[in-house]
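This is the structure I have questions about; it appears just below.
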Amino acid sequence: MPTSRLEAFSDGVIAIAITLLVLEIHVPETGGPDSLGHQLADQWPSYAAYLVSFVTIGIIWVNHHAMVSRLRKTNHTVLILNLFLLMSIAILPFTTDLVAEYLRESDGQHLAAAIYSGSLLLMGLAFYAMQRYTLDGEGGDLLGVELSEGDRRAIKQRNALGLVPYAVATAVAPLSAYLTLAICAAVAAFYASPVTRAGLD
Amino acid sequence: MPTSRLEAFSDGVIAIAITLLVLEIHVPETGGPDSLGHQLADQWPSYAAYLVSFVTIGIIWVNHHAMVSRLRKTNHTVLILNLFLLMSIAILPFTTDLVAEYLRESDGQHLAAAIYSGSLLLMGLAFYAMQRYTLDGEGGDLLGVELSEGDRRAIKQRNALGLVPYAVATAVAPLSAYLTLAICAAVAAFYASPVTRAGLD
Amino acid sequence: MPTSRLEAFSDGVIAIAITLLVLEIHVPETGGPDSLGHQLADQWPSYAAYLVSFVTIGIIWVNHHAMVSRLRKTNHTVLILNLFLLMSIAILPFTTDLVAEYLRESDGQHLAAAIYSGSLLLMGLAFYAMQRYTLDGEGGDLLGVELSEGDRRAIKQRNALGLVPYAVATAVAPLSAYLTLAICAAVAAFYASPVTRAGLD
Amino acid sequence: MPTSRLEAFSDGVIAIAITLLVLEIHVPETGGPDSLGHQLADQWPSYAAYLVSFVTIGIIWVNHHAMVSRLRKTNHTVLILNLFLLMSIAILPFTTDLVAEYLRESDGQHLAAAIYSGSLLLMGLAFYAMQRYTLDGEGGDLLGVELSEGDRRAIKQRNALGLVPYAVATAVAPLSAYLTLAICAAVAAFYASPVTRAGLD
């Protein structure tokens, strides 16, 4: 299968997942005792989680293309690794909704936050696994560009390093769900910032 | 990243957002005291908001391609600006639903209308920011077409001018939610009209 | 704008609308007095409406590409006519759900059926309007293929003829909602049948 | 119609269906008597069904492209067969939700499991019908690659063989819904496994 088909399908899944995130933001029911303004303000975790997930998926999309554009062909393993990466992205509308609903619940906030950052960690791991394989698979014969051993190592190190904040965010979830979300937000801001853009793959 | 990938991903997000709008139109529950005809007529704000948002997103899609087709390459800033533009489009199913639900609620109609036109204003601002940057970024070196200083200024002015009605619509929301929606509808009709098509970017 | 972009965006919207139809088929609630088999059998109108809408959208997609593939360029009017055609397709998940929910309700079945076939009629009209314009617009200068006056007339007549059954289906809705749905189903079967495939644009 | 358009539309529908699966995983309601952890653990059938359906759709996508990439043109029959294949994929979000909700319900679990594996069997049959037709249709003249009689027979046999586990899974549904799901999971694992990748079309 040519890489163009892999890209088109991946683009589709990522575009749908990022757009479905909006279903997590609910219109408050009319006729309740609270004013609309109060109700909208009250669901700020939905907006925060939406923002973090949207930017994070957008960044993974950019990185996905950087990874795939280096390939000159695919094989069965690439397709399956890509499928698992897409799955880890496609479940984010669920984990985003989960953390938004439970961020302030005394029962469940820590678990919900851990699942949220854990799903981002999973996405990072799936990305890292695919990155490693595309760089080294079939003795590097999948690549369509020249990369020195040092280049490859640098890419892999950068990807591995990107896992650390999500691991930390998951580890601190039992302490504070807010801190977990803040770390995930900081990662998104880091990659989206014009200052630190070098961080992109 | 070549602009073709940027276009494909943006097309996907915009196509999904415009199609998800339909989820905002609800099938009335069966077995209620009111006739189906009465219930369907009663939710006319849903149809009005749907129509306005659908046409508006369709027009922004046309303009998005006009903007991107002028580029010969992208950079990190373009990608991030585009991501924020897509986010401002992707939240429209929510703000459209919000204004449809609250247009006639004495509590909340003004705020809902302000948020709706505000989200269109935000979309216009995100578009304007990306337009400015693509015209001037890297000293104009992102462009693949020849544009005189006057051409660039004219495009930016036209975009900036397009923000005015949304700003006005948001400003009048405290007076009348209906007026706000009417202004947004008029903008959509203006750009969709065969007479005024020159207004398109 | 090149026709390839028009096609890609239209493909996206049509693919999403056709896939969103599934949200209309509901999983029966667990724990009710009726068996699952009974409940699933009871919602047969959902399956019938799904089938009719899915095949109909599939056929309009085929015809859309036949229409667009004849073009060598687009203009503002084509884009706007296409946008209204896409809107008429994008609302089908709503009208399909409506007729499925109300097909057997003594209150509302006739109106729901009329709205359903009416939405298909609207889609046909939007298609016909775009077809007419692409064939004759700018003095036929939008076309990239040679078509005799007779060819053009034949295409337009075929399209106009395709509107008749939907008009009839809408007209008989006050008599029988089932008959309306049956006519729409027959149209879908007619175009999908290998015997009558000449009916495709 | 060129095969590229068929692929693009099919990619769109398959990408949307696979991503919509996530809507089947529900965020537990806040404020209930059970802890979030308990509630999340309690809905493990949702995760299991999600995983099986996601991988299965991913594999059918790979096989779909292998099938279409052999074609040099399409005809009306190919388009209609493809439409029914897409429909069988597009209903999977419904049947996946169904089996997830009813897997442990004493009333309905057998029927729900039979419908789930039956929908996968239907998908396999639709794939097989299209495969057969594309290999033999118009006297093999649809093909753009050279295939010996033996090659064609081998492909068809492999596809027919792939139907067997789904038929078995459906047949055992009256005995055990869990066994049905386990067989479907085993098929997905078989095709996704690096060891057995030869099983892919």
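The letters A, B, C and D name the chains in turn, as written, and every chain counts its residues from 1.
The rule we apply is simple: a contact is a pair of C-beta atoms (placed from the backbone, for glycine too) under 8 Å apart; a residue touches a chain by one contact, two chains touch by 3 or more.
Here the structure is a predicted model, which means the values were calculated and not measured.
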Handout entry: Cα superposition of chain C on its sequence copy chain D - rotation in ° rounded to nearest 5
Key = 90
Problem - Interface composition of copies chain A and chain D: same or different, split at half - result: different
Handout entry: Most distant chain from chain D by Cα centroid
Key = B
Handout entry: Distance between chain centroids, defined by C-alpha means - chain A, chain D (Å)
Key = 26
Handout entry: Centroid distance [mean C-alpha coordinates] between chain D and chain B, Å
Key = 37
Handout entry: chain B, residues touching no fewer than two other chains
Key = 8, 12, 16, 20, 23
Exercise for the section: Make each chain a node and each touching pair an edge, then name the shape: line, ring, star, complete, other. Expected result: ring
Problem - Residues of chain D touching chain C in the complex - result: 1, 5, 8-9, 12-13, 16-17, 20, 23, 76-77, 79-80, 83, 86-87, 90-91, 93-94, 97-98, 101-102, 105, 107-108, 111-112, 115
Exercise for the section: Enumerate the contact residues on chain D facing chain A in the complex. Expected result: 7-8, 11-12, 14-16, 18-23, 25, 27, 30-31, 35-37, 40, 50-51, 54-55, 58, 61-62, 65-66, 69, 192, 194, 197, 200
